[in-house]
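Every chain is named by a letter (A, B, C, D and E) in the order it is written, and numbering of its residues begins at 1.
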Amino acid sequence: MAQTNTVADDLDVARARAYQRRRRLVLILRFALAVFIVGSWEMTTRVGCHGPDSATCVVDPFFFGQPSGIWSQLVSWVQKGTAQGPLWEQIAVTLEETVLGFAIGVILGIIFGVALGRNRLLSDVLGPYINVLNAMPRIVLGSIFAIALGLDIQSKVALAVVLVFFVVFFNAFQGVREVDRDLLANARILGASQSQLSRHVILPSALSWILASLHTSFGFALVGAIVGEYLGARKGIGLMIATAQGTFNANGVFAAMFILAVLAIIAEALIMRLENFLIKWRPNAINNPATM
Amino acid sequence: MREADAKGPAIELRGVTKRFVSPSGKSFTALRDLDLTVAAGEFCAVVGPTGCGKSTTLALISGLEPPSVGTIRVFGEPVRSVGRSVGYVFQRDAVFPWKSVLDNVAMGPRLRGADTEKANIQAREWIARVGLAGFELYYPHQLSGGMRKRVALAQTLINQPRILLMDEPFSALDVQTRALMENELLELWASTGASVVFVTHDLEEAIGLADRVVVITAGPGTVKGTYRVDLPRPRNIAEVRFQPRFIEIYEEIWKDLRDEVLVSYERSKHLVAS
Amino acid sequence: GGSAGTPGPATTTAAGTVAAATKPAPAKISIMVGGLNKQIYLPNKLTEALGYFADQNLTVDLIDEPSGKDTTVEVVAGNVDFGSGSYDHTIDIAAAGKSITMVTLLLQEPGEFVMVAKQKADTIKSPKDWKGANAGVTALGSGTHTLMRVMAIKAGLALSDVNYVAAGAGDTFIAAMKQGKIDVGITTQPTVLRMQKTGDGLLLVDLSKPETTRAALGGDYPFISVFARADYIAKNKDIVQRVVNAYVKTLKWIGTHTPLEIAEKLPTDYYGGDKDGYVQALKDSMGMFSPDGKMTKGAPEFELSLLKQFNENVQKNPNIDLSTTYTDEYVNAAK
Amino acid sequence: MREADAKGPAIELRGVTKRFVSPSGKSFTALRDLDLTVAAGEFCAVVGPTGCGKSTTLALISGLEPPSVGTIRVFGEPVRSVGRSVGYVFQRDAVFPWKSVLDNVAMGPRLRGADTEKANIQAREWIARVGLAGFELYYPHQLSGGMRKRVALAQTLINQPRILLMDEPFSALDVQTRALMENELLELWASTGASVVFVTHDLEEAIGLADRVVVITAGPGTVKGTYRVDLPRPRNIAEVRFQPRFIEIYEEIWKDLRDEVLVSYERSKHLVAS
Amino acid sequence: MAQTNTVADDLDVARARAYQRRRRLVLILRFALAVFIVGSWEMTTRVGCHGPDSATCVVDPFFFGQPSGIWSQLVSWVQKGTAQGPLWEQIAVTLEETVLGFAIGVILGIIFGVALGRNRLLSDVLGPYINVLNAMPRIVLGSIFAIALGLDIQSKVALAVVLVFFVVFFNAFQGVREVDRDLLANARILGASQSQLSRHVILPSALSWILASLHTSFGFALVGAIVGEYLGARKGIGLMIATAQGTFNANGVFAAMFILAVLAIIAEALIMRLENFLIKWRPNAINNPATM
């Protein structure tokens, strides 16, 4: 009763303020968590160490690295480059493989998912084959690709594709089967052809399924590219990891993983944007502050 | 009515039985031996107790569900799948949640090949007709129940279908809006000469709108009776119900209908006692 | 397999020569091997197949793993008791501040071969011609990478003159060479034989015989060995002795038997259907096996001097006490 | 009514305004300055043109939505979240598709701690009361629209809530079934003394059931008028509408209501013209 | 009009008959596809070969194996056992790791998915961390696990878990956010506590999301176990693959993959059963023959 100063847009102002407050809180908590992780990592690799053998530390930095060491490794990579050349070049190579593999995998996954989701016979016949392919160890596929496609970008992209494809495929497939039958019926009555049905009903309805799979699958694309490089390559972050492992350089391994982490975060932010853009029609059910 | 003689019936159901698999695995008969003929250009209302198979009948005519036994013809052709000449306002509105009101309404023309601009102009017109002007950009979840229902109406009517199936289209509307919509519908019907099958639980509405009222029985639905409504057209919905002939027809049908409803209700009461 | 569960009466006499009166207490140990099926690691499986571990009343878990580096790390981590891998890892590890010690040598020379692609055979005749070439190694930083760099330096090339490509081993290596992705490359038997047979690659350098190895590298390069953590050795002298006993016996057995006899002791999976090829390949590299398991004189110093030229760990920490990296104590005591 | 004096009002809305963010990003006022008081044990019907904010009002009372301005109290306590004393029959039935009719109806008691057996016995009773005996094992998608609505009714009524919010609960039912349900509702209400807010677009129904009818205005909804219905209780729904007093009240309210509906309709017609 | 012989259950009979016919068709088509694949594989590895070098064949069986060779490899494994012992033992080891990893991964995925899906703050704070973890190359994690957890079953299980977890997590997370807000509201009104809300509304509603993720993730669990074994193990199918690769035995590699395929098909059949059992309430929207 006290809050009756009915400004026309006090709702918007209050919303914006709450949003700002919340954002700040989230950023602070994220940062605090990062500080906690890095701090305790650094601590435990420094505490209790005596003598020349680092094994006496609570956590042995020989195996698990040390944030400070990781940082200086990163600095040295930036300043002096890596064994295979400048750092940005490695990142560019890996990123190219990842993005290509991601794009191809997602597109194939959606096409197959929608096709098999809409056609029962096709899915019954091909289903077992797809499941079998999904159970093939990627590391073995990696060597097969390296043989069949060579050591250039193709084999890494192929590996990324096979990791991405299945995640997207199974989600798109299920998303198609979850489409509300009433909506399908309505669209058909309104005159939708099979392809219009896909475009106007099935894809929008399966969109949240497909988008959900993108979160996992970008990570997998990155993993595919890295593993491919790890198995044989001239350049790339995977090779940096392999080299660091080969030289007992745990800090190098974790520094390379840190770079991957940054890439993953950037990609995730982009996917989130895409998501918000594509499904802005949705009442955000469970996260609506009113319903929580 | 003239068209009817020339072309034969628009919709023809012959000995149609529809069974579903019930949860216990046995077959459940929703419709039994249903015969129904709707002439071209005829406005046919269907009434019956809840759960008697009215919606199922519409689904069969539309081609969305196949009959278990019997034949269904639309314009003389057996129904095999969904035809383009049919419009169907579902009982539970099935508007597309990812499309705005405008896009929802414009969908029919666009699916049928109209270009976006034309479709939008047409859609805006229909949105206004159902009283939703100003809400073009809203998404369905931002609308009230009655508003959603009107979007569904506009979405179907914009296609001007030759066969129009309507499943309780006005039940979520207040009396006044309903009357406005009913008049819009009659106007549209008069201008396009569509054959309408109109399901409602409001007998007044049925008589006010239709040329013929079909009463479906409870339990496995079948036709209990067919009543010709010989009120003159054009009718004004708000006034027609005060005519003596209207009241006569009403009482005649009402007797039939009430019996059926009681049968259906008593039956279920009995079931629980046993 | 061939390891008998408990030593029967016949083998007790063999073991009896070790521990004179009392049979040693049973013990369970694990040994990690960077590729059990590879010929350079052959003595490991052979020892088990001959029953020599059992003779020592040892139950041995042989753990397979694709690269020698992981073996080293797992030994340092204490997840396994012994590792079988290249000796130079012990130096590398010492530079990184950890201590593992070789207790017996298995290969006195690397047993690796440098191949040159058919298309390049005319232009690349020796390491001197590697300038600007793509050179395949199993992985960057691996033992094969080290060997290639040593040869290049010996031939007067700078470190950056050669492009090293991680090409793996086995069929990925063959495919890389066939497709022209690498001009030269280092690999082991039976890859070499296979390539010679198909003509896709020609032998350039043979690092399986002492003479040719010395010519190529400038000294002996002791390679696959068995090592353990220094503290483990200190605490389990008896077990270490028994393990070394078994290996030394195997090395002696190898010295007195033909490649065919050796191959027949191994699981058929190891030659994957091509027994003749396997035996032929083994015949070509019999010279690599150490006859007695002892460290070659002067070899540790030589390897250290090589590592100093490009190994970052060693460059950072060049004062390595080589005496901690190997010991002949147990080999000498082995009977 | 006696309780009301002792305890104060059961529901109290004071100066409530509810705004939504419209698709164009501006704020859209659904309710403006709404004052509404429902005494304990009172049956209050709410009517108004479609889209005027009736459902929104119920959502506010239930605690599902917070008001933008103003206060809402239930039994004197400000509403912060969903309370256990409230029952709510949604306009669009929200039965759980993965639960059978029996499980759907038994859900309330089970959530409130009853053991399965007891809950099921109670649920069967309620299923019979709404005329669905024999359909216990059906899943919602196997039911007709009217049947689903009755499941939702049973689901709410079984909890015997002290505050009962009903949003067009009978609009999907035929006249006869509706009358049966209405009588059941009145019986339940008389026995539990719940406070009811009943949204409907059927003025006859509103007057037949309620102690008081509230008319909400079009546009931003606010209270246009409140009408006491002084018909004697107990009432029989089928007969009460023929009493002269009923017709009097009807005509009084109808005038108000019609104006509002016309306003809302004309406004949207106007919008499209401009 | 002719078909008016109204037998009480002619619907059931017709249904059963159509089902049988369809089943037979599917089996025939699946088999035909298998024959086609195996046949053309065998053909191309036999055609055009001359001289000692198999590289002259259209497809080189040295790299890509040959069905007949794969078969005899399988027979020999069954009859004589593998290099590490009897075949069934290898399968049992791999299966144990896989099933354990799968179970743990799925359970953790669901728990985290539901928790983060329901709590916006938690998901905002932890979201980026989960995305980063998902982008870590599993092969590197494999070595880290091997160090931290030893070479026994734990490290393989851990690898399977990290592969399974993310797929299940992202789906469960999105599934929770897709729950119909009306149903949530209804359950809360009916008196559901937070935990009851999860049990009665959120989990059943997210079930199809979670089940969809199981299809992908069992395959991933298998991959995780295999890669873990590949990186260091005493027994298991992964080791058999590593051995076969090390000895140029392409047939061995594919024979081991064939065993994996069989495992995957069996697992898939079990998951399908679970799926049909758990969501029998669903009108099977798009695959309803009536709506197609």
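Here, a residue touches a chain if its C-beta (ideal position, glycine included) is under 8 Å from a C-beta of that chain, and two chains touch if they have at least 3 such contacts.
What you see is a predicted model; the values in this text were computed from it and never measured.
Summed over C-beta pairs in contact, the chain pair with the top total is A-E.
Using mean Cα coordinates as chain centres, the one most removed from subunit B is C. Once the centre of each chain is set as its mean CA position, subunit A and subunit E turn out to be 20 Å apart. If you average the Cα atoms of subunit A and of subunit C, the two centres end up 40 Å apart. Centre-to-centre, using mean CA coordinates, subunit B is 47 Å away from subunit E. Centre-to-centre, using mean CA coordinates, subunit B is 84 Å away from subunit C. Across the assembly, subunit E contributes 63, 143, 147, 180, 185, 188, 230, 245, 283, 291 as residues in contact with two or more other chains. Residues of subunit B in contact with two or more other chains: 64, 92, 100, 139. Under the contact definition stated at the top, the residues of subunit C that touch 2 or more other chains are 70, 73, 77, 171, 175. Those residues of subunit A that touch subunit C in the shared complex are 52-55, 62-63, 83-84, 143, 146-148, 150-152, 231-234, 239, 242-249. By the touch criterion given at the top, residues 62, 64, 82, 84, 86-88, 90, 92, 94-100, 107-108, 111-112, 139, 141, 155-156, 159 of subunit D touch subunit E in their complex. Across the complex, subunit B is touched by residues 180, 182-183, 185-193, 196, 200-201, 204-205, 207, 279, 281-283 of subunit A.
The touching residues of subunit E, counted against subunit A in their complex, run 22, 25-26, 29-30, 33, 63-64, 117-118, 120-121, 124-129, 131-132, 134-140, 143-144, 147-148, 166-167, 170-171, 173-174, 176-181, 184-185, 188, 202, 208-209, 211-213, 215-216, 218-220, 222-223, 226-227, 230, 238, 241, 245, 253, 257, 260-261, 263-265, 268, 283-288, 291-292. Those residues of subunit D that touch subunit B in the shared complex are 20, 22-24, 47-51, 54-56, 91-92, 100, 124-125, 127-128, 131-134, 137-139, 142-147, 150, 167-168, 171-178, 180, 201-203, 257-258, 261-262, 264-265, 268-272.
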